[in-house]
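All remarks here apply to the structure that follows.
Residue numbering begins at 1 within each chain, and the chains themselves are lettered A, B, C and D in the order written.
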């Protein structure tokens, strides 16, 4: 079977997704996110040679929310190395993104860096020895560097909305602080956390920013080495097992790619050795992942033979 | 970087593993398994063209225990199709292999088919409308067919040992029965379950039996199509996210392959598009997975560039 | 305020309870119990001087179910003394009668002797060194001795009904067996447990049987000393804190007496120093306690000033 | 058996407790409490006729900590009536004082008003429509009124110590706020909570303050009616089932009185119809209750025949 043509596939998916009636529901627990237009959909694919294939609303900026956790983990591993793993585990949680139950049973150590508690602990490591403003600046510059675009920004209205309503995250952070897992003042850590979740970028920018994960740690467009090959593989492994909270198994089963979703409706997915993919549609499914985003990725992987669990292309080699 | 030579790599790994002092501990909760010689180690790799590369004690038969769950799931999917997913979920459990807590919170539906409760529910589906002896015969013949060898057998002493001491599995099965998740009489289901866990085979046979999972559902040696490509990918995805109980994230992080371990010390690992690998060493680590088996797979994947999360080979293409 | 007249109060309560429309629902999880006539209600009070005051269907035999746990605990304390507390705790569980969650977290030790797991562990202690038939005979004779009536019997149809459907109890027993908390074969222990739960007696007999708990361990009618004063007080304390599963706090709050309920619709309540009370009505509330039985006890306590948490009588002395 | 003489019994207990070597350990999680002299012990008993019998360090002021929860519940019931029970349950928790697990499973509704989460929810009700300073003033004046002494005060150093380290309580409050169970700003609620826990008084004052609970809601010394008889009984019932966290069953079993302990080492115990008892010794046992305080109460109840579960006095009447 010859590989399908990526441009055709992306165009068909974008057209279908724009037209579908089932669009999911916008997140309401962060009020500011509730205002986004449900009709939007975007997809951007960057291949190894730098070719960009895109469809839909790829000029729209959206709130990347938890997709930012992939990048703060990358930063923290660069700053603290394997000390990160003294503060946070590497196992799927089997629980919702904001569950506090396991924190009590496991003495304040979050299961992995992609649930809220884990990402807050990672933010605490990035903050160490800095003012919140400095740490946040570092995270933002990292995103601008990875995407190669200065227009990536922090949406302060979204951050403020979450600061007003983020009681559950405040509970998680204080709970970890009580166990000594958080070093810095809780409000400092949460300030940085709420703001890095409020980073706004386009699908095109997000696909570029994730590109190093598809290519053994090196951004093929710029030639910059971001992390070692081993670290890139390991971040991908964590995205596969833990990237979608209590829907991680389902995403692996249906899509078959490492991925990380956010409640803003964005998903970053990695096709190791081939491509970095970003999709965005603000309506969410019951697990809090982008409804159309997940469907689009499932179709893309099936059509392109990109599942890491068995590809018709490698089979026919 | 050119690919390492598989024969050399396998020989080096086998030699190192035979020589190491750290060998883990044999499982003691099934008394019969406690008698196995800790010095043994075996590795067998079958590539797409049928080439077999092996090292260590590849003529030794061992109890495959939970590795059998991959094959009973395959059988049950063939018999019942997606009805399997009415009885068992597809998410990592975040808990030990024999935890009963989630069963209570989730009304008797096990998280996935690779924890004990899930595999017992799968066995119940295979049993439907059969006598235990018939169902067990079907499972055994399936293993003999997949491995192409009639010498695969059921070790009745091991099965009897587990029947005498398997109180926890009896609790799980009765608990599910109370929720109506098990149709057949509990003792029938457990009889089949204990016996299929007691299947004994060699590493060579196990690698052959798993070969269809590496090649889109088709055994390349025989040309037999066992399952559809999509189903093969999905079973691999489940092995990746759920194959090692509460050590699944760690295995994905370190080894980077779909795999399934058993307390007999065997592990089956799949390199999609490339190879099926079986390793065996009876000493276990704290999570109940083969200590040297896991290390051997980690070395094999690193040396051969076989991680599904990023390969130097695809990168250099 | 002068004490109300007990005969008048009991007669009024019996008349009101017979007439009420809200009668609860019969237990359905033990099919045989589902056949009982919902219209029935009985109340029997035995005071210190042996005076019996009764109303309603006091000649009807009913299945005492979990009320039997008070008596098996009493027997086991006589046989094994404080060794009982190595097998079972003394704290309220905060969970349903058949929860298995805490058993996993607490290594197979049930929270208290009045949840199912705890009562099964107590039955195992009574069984030690006996055949099931002997142990069961001992329990039955103890009930006949305490009530002073040979007509107390074991309803074999109810026991058989529970043996056919008691999967949850089978799960609990096997789970404890896996932790080494149960000594005897699981089926022996459950056989005795299901049969002692199926003891059938009248309200009059039950009130007599519990009389020793109201009078420092001594049955005032016969003068027989059953347990020491300290032990009687302690059994009453356990009934108060643990006698109604996850409705124990509510019963203490509303009724204010030590009590133990059963899904057959019976409740035994103790007024220390004054009286032993049995009520029975087969319809249950959402917590599995007799709906009208609880209301009757609340009215009786309020009218007679019998709450252990403050009595108008002692106040006016 | 004639009743023992209360003066002799109290004197003997005070002497024994002062002399014992096993004194428990001071709480360290509130640093300020760690400085208290372990050698101290006090006991004060106030009978119905107002007779005060005391022994040990009855002039020492100590931090009543969680004993204050009895009084804030009393206040909140006066202010909000049974609406209190929309925010907090009435069942024992079976968990530690600061567990957050049940809050997640039960949507932010604490099990009872005597665990930390429950007391915080009660404080939120008292705060409604007030400034923190006003609410705190009301609580303090209530304690001064009940004890009849203006010297009862709030130890600001203790409150400040807890404000600096109370991360777990901050987690609980934010978690409930996320579920909408808390109306006021979290820091306001916690400010009042930390300060009412820091109320300092003597054993004599505490015994007086609790006196209304022993006498159907009326303080016999002053004749003031504080609550209705029914409410007094119900508060006592809650103290019996929930007053000592996961040691409530044990306290009922050994002491046999409604009681409430605090980590400052104080315990208030109620003998309905007879007396109000306060004991204090700063060393705690493993459950966080005063080690010598509990032993003193056990001896007092046994010697005086005061258990609510059966009294030799009522038996001999």
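Assorted remarks:
FYI, a contact is a pair of C-beta atoms (placed from the backbone, for glycine too) under 8 Å apart; a residue touches a chain by one contact, two chains touch by 3 or more.
Just so you know, these numbers come straight off a predicted model, no measurement behind them.
Where touching is counted per the definition, chain B and chain C have no chain in common. With centres taken as mean Cα positions, chain D sits 48 Å from chain A. Between chain A and chain B the centroid-to-centroid distance comes to 31 Å (mean Cα coordinates, whole Å).
Chain A and chain C have centres, each the mean of its CA atoms, that are 56 Å apart.
With touch defined as above, chain D holds no residue shared between interfaces to two or more other chains. A complete list of chain pairs in contact reads A-B, A-D, B-C, C-D. Within the complex formed with chain D, the chain A residues making contact are 99-101, 103-105, 167-168, 170-175, 177-178, 186.
Within the complex, the chain B residues that touch chain A are 89-95, 102, 111-112, 213-216, 229, 232-234, 236-238, 240-242, 246-250, 252-253, 256, 258, 272-274, 307-312, 314-315, 317.
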